[in-house]
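Chains: A, B, C and D, in written order; residue numbering restarts at 1 for each.
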């Protein structure tokens, strides 16, 4: 493994290389709170097994994690339901856009995987598990704080409210799932929890720290908590690798070669098994909805460290 | 045209021929109020240009008109928006089930025609036109009463409430349309009006009477009111012919050879241009969701009268 | 019914009204023989029950009938297989483009209707029925000659050869059907017959004459031959009404209100039940692949005669 | 890395553990030559960077490699066309069955990835590159012999002929691609080469040996030939990981955690980057078309070696 000085230098080099690209891509504009983020920002943070942190750029600036949260609610749902979860959601790439409803009809209400929106709604319903939305939201936020070892992780109420106001496509998916009896809680409650989990506000350092257990068979190596089992960890990583970047997952697997999950807020969490968790953030998105500069930074980072799994 | 005695005899013969078939098919069971209807009922009523009524069987028993209502809300919407309506909904057969969402995604929120559920929701939104749901519901009910010349036509509140409770698929469609900006009123309001229009309770005689204007170029020949223009009437009849029986419209065109519209309550309204309007009712449905005995009765009626347009 | 002088006048008026539109639309250009047709041509011919012919414009100029031939091979196939045909091909509108393969996969090799390409290939296979292609081609040409009462009807060998050279989409459909065991003859033989039937060269007068039996319950009123049964005639007319213009069938039903079938050569055959058969031709196509001026002419013709079935 | 004795023991243990499972799954039966293979066979061979071979079971029995050949023709095509290949075929999971034509229509003739049949046909066309089929077939066979360091690798002529006789679905795909101008050579020639490459007959030892370059950045570590570049090697491995097992690729990524490619002959080639290439074979297939016992064996092998990339 690269030692701390090496990592610091690599991370600094990546940040420097990204500078000419800042502002590339298109910031998500479906809600005002996301649309007004300055696109010329970039952060990167790497947390290794021994707790060392290497970071550069805007690594301390909080951003809306959006779909990156799906990795963590999936962890909670697998812990709760184990194999029973997979009767409700599949584990294969979808070959469709993240909010497509076509496949859902053809496959009778069982979403393709937990990272497309329909699948994430089922996962959220599994986390909610009949509790009140406020409790589930508090559970998720608490889980993130413990993993990030940082009590300042919070949900951005403005973002959550905006998502609720404009989330017709997600409301459509949720009602569709309910029509197939694949949601147990009321549609509005599932959506409330979902929109709040997406509105989690974290910075790169916190996000990398929170994902570290995925690099170590489910064991958080710093606070020695077994977050989930090694087998479930492999499952989550495999789904990140094959489905983590929507309809550009194959491209990410090639360019970066690590399990990863992106969000329309511009964040990406990537896992280097047995080595480290890496979080990058830059708001401009490529056509497939993934951070353009973030993916580029990860590509350079992996080229410099040789951490691709391939 | 057949004279009154002939029609009486034909209608009586059709009713007699249906007796051995009563109870065939499967009663719609997605809401309790529909599920508990006695399947062994059958009614037929024919209203001719001169106001003569020939009826037989349970022609005076009210039933839930369900999707037959779509013919009348379409009339209201065309009168209101004219050609502008067709930027929001197509006029072609869908080749899909009535509640399919697949095509809606592929065609970016513009439903194939006004008789599949998604299209009917757009039509309802056009009728609602920003008014309050209660007003729109009153308007629709009033329109039906005027056309049926019968003040007893009413909405079955229990049916409307049940539809609302279980209508997740329609809620999914409505949210989907809203996501494509193809609904102007709030989703809940459109659904409220839609579920109420479907819950209209009418008998065969009233329904045939209400549809008579479609057999006469939009002019109600009895009360001499021009309900809609001749051109729009042709449009509505053409859509009934090509799209009126969901994914069995081609079969109905062959077996019956008249423009028609069915509902899952077991009713069918058929139009014999320049001659008469015919309503049949029998609760048992075929696999495509149309009244099995009702379609059979129309087939026989047309064979005996020679009124097929082909 | 309009008398002969009236019809002559109407047909002349329609032709005059079309003059400013000549050249509109886009001539089919996928094979050279079609691409070089002068787009500024228009013909119309009406043949009534008593054998009277009213025609105007280029009604004597032969053109490539293309998909209009499907009406006649369907007649032959129904006569041969009767109801058994419908286990191999459906009778419902497709809601898709004429050469779509998507629905074919979803419905396991049973095409939606006999007028989309896949369905027409199954119909051709039913006509071929294990014979040699040359015999089947001769049978079809002979059938057309008898119906047209004109021995000069022939197949354009250059067109047939060109279709064969470029017909990869049809070859794809045919192989797909064969993979589902829905072709009995070898793929190449079915394609050979299909491309030849499409290459039939006829003029408006011949085409209208050939279609006359469809206006009279299957009985050719001039030579008193029962071409097919009344029931099968209704079936064919119903399919023409709901599926005869590909994905613009609903529009044709409204604008014209008659069963009709179009071809990419620019021809349309329309049936006015109990009255007449009408053929129009003009090479420019609308986006859906139907003769633009031809459809306009039929619309005017029906407006002037009042022959719409609606 | 595990040393040679360890590997021998692990491979022997895996073979022993598979014994109770022999015969599970369903042998491919679409051609006689495949259908009559004894299902109770199992072989495994591992070839490491230093050329050590560990094998067990029927590792010397030749079998039909079928779709595993796609990894090698992809290598040839990338070497020939470089980035230009990706204008003709995508690199994302398809979310559909291996022989689906639906996506191909929606995406206008550009197959989702090189491992579904449509994509493999484009790759074969790129390898053929206008040459005569016999030459291309000889090239492919020669490439496999060089990689396997074994002149006995050959094409099973009976299998190739059978594929040709029954390959209507592939002929449909090829014609479809041609209709979109995405094949340069004649359809029949592309199919001939494709069916022959699928009919390559190899044993586990040969197959693992042939794939070794994929574990070492494109450099065959034994004969020191740079088969392809490191970047292209990462590309191939990424596609194997995300698309190598059709619609069960996500499951394979989880269960095995290595890039892999399966064939309906029952073979699977898996790559342990920087370590070894592994080939397993057992004819019984799971529902998704992958070797059931072969995948189980790889799962156990990875569990015992800890070679999962996750």
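Just so we're on the same page, a contact is a pair of C-beta atoms (placed from the backbone, for glycine too) under 8 Å apart; a residue touches a chain by one contact, two chains touch by 3 or more.
Remember, it's a predicted structure, so these values are computed and weren't measured experimentally.
Novice: Out of curiosity, which chains are bumping into both chain B and chain C?
Specialist: none
Novice: When the CA atoms of chain A are placed over those of chain D, what is the turn angle between 0 and 180 degrees, to the nearest 5?
Specialist: Copies differ by a rotation of 180 degrees.
Novice: Hey, how far is the Cα centre of chain A from the one of chain D, in Å?
Specialist: Measuring from centre to centre gives 32 Å for this pair.
Novice: When the C-alpha atoms of chain A and chain C are each averaged to a single point, how far apart are the two points in Å?
Specialist: 56
Novice: What is the distance in Å between the mean C-alpha positions of chain A and chain B?
Specialist: So the centroids are 48 Å from each other.
Novice: When you check chain C against every other chain, which residues touch at least two of them?
Specialist: Within chain C, no residue touches at least two other chains.
Novice: Pick one for the touching-chains graph, please: line, ring, star, complete, other.
Specialist: If you draw each chain as a dot and join those that touch, you get a single closed ring.
Novice: Which pairs of chains touch each other?
Specialist: A-B, A-D, B-C, C-D
Novice: Taking the touch rule as given, give the residues of chain C at its contact with chain D in the complex, in rising order.
Specialist: Chain C reaches chain D through residues 100-102, 105-106, 168-169, 171-176, 178-179, 187.
Novice: Residue numbers of chain A touching chain D in their complex, please.
Specialist: Residues in contact with chain D: 90-96, 103, 112-113, 233-235, 237-239, 241-243, 247-251, 253-254, 257, 259, 273, 308-310.
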